[in-house]
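What follows is a single structure, written as structure tokens, with notes after it.
Letters A, B, C and D mark the chains in the order given here, with residues in each chain numbered from 1 onward.
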Amino acid sequence: VLSYIDYMEKKKRKICFVITSKIHYARSRFIMDELQKSEDVDLQLIVGGSALLRKYGNVLEHMEEDGFSPQSYITMNIEGGNPVAMAKTTGLGVIEFTTAYDNLKPDLVVIRGDRFEVLSAVIAAAYMNIPIAHIEGGEITGTIDESVRHAISKFAHIHFATTSQAADRLRRMGEDPKYIFTVGSPDVEFVARAEDSPDVTNELINEKRGTGAYVDITKPYIMVMQHPVTTECDQGYEQVEKTLNAIHELEVPAIWFWPNVDAGTDGVSKGIRVFREFVDPKHVRFITHFPPTQFTTLLRHSKCLVGNSSAGIKECSYLGIPAVNIGTRQSGRLRAENVMDTPHDKEEIKKAVTSQLEHGLYPQSQLYYKENTSKNIVDTLTSIDLYIQKKFHE
Amino acid sequence: VLSYIDYMEKKKRKICFVITSKIHYARSRFIMDELQKSEDVDLQLIVGGSALLRKYGNVLEHMEEDGFSPQSYITMNIEGGNPVAMAKTTGLGVIEFTTAYDNLKPDLVVIRGDRFEVLSAVIAAAYMNIPIAHIEGGEITGTIDESVRHAISKFAHIHFATTSQAADRLRRMGEDPKYIFTVGSPDVEFVARAEDSPDVTNELINEKRGTGAYVDITKPYIMVMQHPVTTECDQGYEQVEKTLNAIHELEVPAIWFWPNVDAGTDGVSKGIRVFREFVDPKHVRFITHFPPTQFTTLLRHSKCLVGNSSAGIKECSYLGIPAVNIGTRQSGRLRAENVMDTPHDKEEIKKAVTSQLEHGLYPQSQLYYKENTSKNIVDTLTSIDLYIQKKFHE
Amino acid sequence: VLSYIDYMEKKKRKICFVITSKIHYARSRFIMDELQKSEDVDLQLIVGGSALLRKYGNVLEHMEEDGFSPQSYITMNIEGGNPVAMAKTTGLGVIEFTTAYDNLKPDLVVIRGDRFEVLSAVIAAAYMNIPIAHIEGGEITGTIDESVRHAISKFAHIHFATTSQAADRLRRMGEDPKYIFTVGSPDVEFVARAEDSPDVTNELINEKRGTGAYVDITKPYIMVMQHPVTTECDQGYEQVEKTLNAIHELEVPAIWFWPNVDAGTDGVSKGIRVFREFVDPKHVRFITHFPPTQFTTLLRHSKCLVGNSSAGIKECSYLGIPAVNIGTRQSGRLRAENVMDTPHDKEEIKKAVTSQLEHGLYPQSQLYYKENTSKNIVDTLTSIDLYIQKKFHE
Amino acid sequence: VLSYIDYMEKKKRKICFVITSKIHYARSRFIMDELQKSEDVDLQLIVGGSALLRKYGNVLEHMEEDGFSPQSYITMNIEGGNPVAMAKTTGLGVIEFTTAYDNLKPDLVVIRGDRFEVLSAVIAAAYMNIPIAHIEGGEITGTIDESVRHAISKFAHIHFATTSQAADRLRRMGEDPKYIFTVGSPDVEFVARAEDSPDVTNELINEKRGTGAYVDITKPYIMVMQHPVTTECDQGYEQVEKTLNAIHELEVPAIWFWPNVDAGTDGVSKGIRVFREFVDPKHVRFITHFPPTQFTTLLRHSKCLVGNSSAGIKECSYLGIPAVNIGTRQSGRLRAENVMDTPHDKEEIKKAVTSQLEHGLYPQSQLYYKENTSKNIVDTLTSIDLYIQKKFHE
């Protein structure tokens, strides 16, 4: 077994990148590309969590097409879509990531975001004395993710903040300023750089994928993404019902994405299924998942994003797409002027969507954007001094 | 299933206290007594982790004698005494605590400290939307516990800080000042209030317990407690060897406690076993564990505490016992004047112990002490408004 | 802690009954009733596995209505519907059942069948030296369940066989004849004793439950239950497609139940969803789950059961309902004359269903039936001498 | 992902050999050598369980010296040395082996024996539809291992029995005769083929290893190996005390090996430690572990093996070394004439050891021996047709 010092003296840094959801992969593509290209890096990939669940799309296929071969697969999600399932998944993930690191022996683990699967990857690395780089620390959001994100920061050794406000918060929390870098959002870099996919056609949307009504994407349409709120996980059914009715009554063509696996997902999914069965809305098409470039193409040409996805706050701010943000899931997050907030109330939602559709495109915001986000992250990852013992920076 | 609101409207708060080590139990006795006495509280006890390991003493017997009956037992420690074992234990703990909470349905979980078993209990509660009260947040220390402690704070809803400096740090980290209480250290309250145990006699120490040389406790003796440092876990053997040789050469009667289960424990234990086998020191008696009151009695009458236990920093500051603190495990922690720091160096350790023995007792420090620590904690636990969704306090 | 001998001397036997699926509960009702009524028994209930998954129906509600209060809940199913998920669920289950037994300290654990969740419950009990009573050992069936069932028998101390052939097989396998009892099938006892539920109306079937076409249950209808075959788990999609097309082309009104959680379930479910979306069969109604009495009522009045459920072999043999059994899932199982076997072939399935519909009801078979199954089981459970160390009976 | 059929068509069979204890490795060396040499085999090695515990010796070092490089390491043992720990270890093992197989995708898994770690490896493979070859099925023994061994046989597809009686039993249990091979015991083959290690000197035994008295191995000595009996796990302390006193009073030089990790190990270990502390026997040396060749050398030259290890029954039958077998751990196992059985009774043990020492060497028994055991196993493993679905062979 090599000691920590031995690792450090070797030329190539073994950098382990952790993918735990399809969207996470999409938003990390450029970073992974840079890591793969770097001659100083031995890239290790661990794919786990909902990224492996078929019903959320086959990320492994996309990765293979993109030239990535993961070293390790971690099936870890407990079924149930409730707090118990989410908590146990986190625990199982810690066990599994530990074994993966024990076999791969990385010099550095790179993770991003605030999800429970990410927390698993972080705790395993922390106890195994592996330095951790965290992307997107210091931001504010709702749900349990708010606590998780900051807890991850307290474990992480290197921080890539999207905004200067987030970087400030990290400093305030006692993180070492030498290890905090403000690089912009990789998500926004992705929409900024990704070109339209020629695959996004009426045929793809309406024949090959999805269920429900036919939505002509050569004409105006909106998009809806409403995820469960873990801290309000028994209200998912009621919450999504409000949005469903609002969109139904507006009679605006809509492409609706199914929710993620967080606690409460069963309520949200059931709400959608029941609505489909009994109301069968004539303007809404339901899609389970989409490769990232296709998703971005669809988003770029939509008239409004409705729901509680961070895409409304981040990606849309850069694209200028009007967003209607419902409920508390994104509360506290820094917003550009493209966002209109509403409570879970049918009439309020209808009003907000109508108003946003009337307004149309907003000017591009640089709030979450910086040039060369991924390149800067990788340059730092390959060159920065690594350390293990953290200290509260007073 | 009762909703969160329903729980809140019920008269008795279901407060779940988590015990994960024998020492943790000792230091929590008064809080548990107060909770048990309170008419507003339905006390739930979960005993897990190293508290259940026989070789660290039978805490269940002590608890029974003290009138406590746990609701749930959680065997969770992975064998190995290394980072892999510590990480996996944390993961298994999250799974197990989730099931325990799911069965007990507490309104509030109370945890303390910075150990991996505590982190398990916290993560499970956090994802299950159970409010968390944390004792001893905001302090600085070495090892991975430094990161864990702050991460726990970012999950916790109610904070009981031991010192005003710790409380300041919690505020800085974005915790809500309304929920931060400076109450002093329960550990120090315990030594302040506990009376000498009549059971601590030469017979107990030298016949009923321990191995090694005979140490006459009616004459001057020192105590040694040296735990592994998780972030230096492959150096445990060498580190303890230095201390063993120093104590051996000083020829001062010493009572030496075996290390805890942290990563590196195997190295430290092996160091002690090899030393015993080959050197067989004539002034040192080795003890595996001790009930809290007996430990406190022994400490109060010792001439010096050597090693890297927090007892040297906290309990000894109040008792005025000179402490020789070795290495980084307590680095950053607030000290009274009773502490002399040394590196892992035989000569330095000998010099420091000699100097402390010459100095003798220090004046009592109030650094970690406040009156009514436990009572104030319990008053707050029973009356404070509970909430789930955390927000970074800007 | 009480020793094993102490337990045995206490008057009331602590008998722990394990429920891991909704159907399992249905088929165990009478045994549980008898156990609950017995004055010699302290009944402990553990509910775990897919019994807790909302999408398979709320068994907890049914249990409460029936007067049962479980001591312990075990969320344990890994998501994925594939071999990895099934294997990991088994492992997690072993961990969780161990904790449950450690808290409940049963004298005897009663389990039934051959599912992975049951295997978990058995392994935990075996290593904890708790005697195990197994219902339905010695039978032959397909899939991995074939191996699991016999492995469970090798762990079990008391065997309740449904048929004399099964009892013979248990003896051959080295089980002690003194501990093998031929009692008939509890499933068949349930259909024999359960009266028609007045709740089973067109309104329930077509308005309150299910999706798809309207099926008038006052007119002739068939039922379909097709589960994944774990050892052919990547063929679920193709297999169910054959049956779907056969039923669709036959144009016979059908009530179709969704598959269970075994590996391959995602393929089967997807097959159904795709078929619904693109073919939208006009004679088929899809139901996710049903309380046992209602299910039995529906089955008793159906004209044929199609698929690979054991109900076609067991319950239907007693009811005389014609069954079309498709594929290998039930291969080797003892059949009455009501069963017609077919491969996964659309035309063969159509031919078999047509032939069975023409034939109509078969005479009642006693193959799986004996009087007082549940009562005899419980009489034995309460009075038999318990032992721990097993020995191969030569 | 390759389908099962695809795997089969590839030239090289991916055969995964599982090592879960040091002794297990020793006894599998020749099989592993043959597999490594075979041009038709892609050998995969998983090392897990107590094989990774440092205190039982560093098997990884031995493996490296012997030219093997494991693909996967699985830390999985729960601390406690009691039934709870043993059960949970099994569960954790199932989870971990599943991930390992999911990454390695073996065509065939080879396991041996009856230990809980082996059961984990088997259950994971079974649910993942990977064919299993089992070495040493069909034998009788005491403890929970008796149940485990037969349960493993019911999961296994290929059986390598050590004796014809064991093979008979496998057939009786419904295993397919075409897949049962009587090959002799690999353990016995090892002692038959292994040459004396020149490293086994007084210096090694008395200076480099072990604790306690000096035992001159150039003069007559006996060996003692007493493991816990899982089904009597609370009697380990008393049981070992009897043997310790017997050996002590006999005043015969003895080399005593520490017990394995089964439930009850803490009692046995404590018994030894207490005895050492208070009695300090003048003729006994205690050894924690030993590389296989050294162990065999030591055994071959000993005058008697005392305790309850299978080595007394198997290896010693071939070597003709007298064995005193104490208690129930090996009950039911086929014996040659070299074995004298005694209960846990000091006087009986003394009498038996004295009688065996007087008797001296027995003639070599072929009971467990056949030529070319390992070669025959590997020839079968590389050429036999593989299958997944098991069927009870009537």
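As a working rule, contacts are C-beta pairs under 8 Å (C-beta built on N, C-alpha and C of every residue); 3 or more make two chains touch, one makes a residue touch a chain.
Note that the structure is predicted; figures quoted are calculated from it, not measured.
Any chain touching chain B that also touches chain D appears here: A, C. Counted by C-beta pairs in contact, the busier of A-D and A-B is A-B. Taking each chain's centre as the mean of its C-alpha atoms, chain A lies 38 Å from chain B. Mean C-alpha positions place chain A and chain D at a centre distance of 49 Å. Multi-chain contact residues of chain A (touching two or more other chains): 75, 84, 88, 92, 95-96, 98-99, 102. If you check the complex, the residues on chain C that touch chain A are 52-55, 75-81, 84-85, 88, 92, 211, 261, 266, 277.
Note for the complex: chain A touches chain D at residues 71-75, 92, 95-96, 98-100, 102-103.
Only residues 3, 83-84, 86-88, 90-99, 102, 116, 119-120, 123-124, 126-129, 140, 142-144, 146-148, 150-155, 169, 172-174, 230-231, 233-234, 263, 328, 331-332, 388-392 of chain D touch chain C when the two sit together in their complex.
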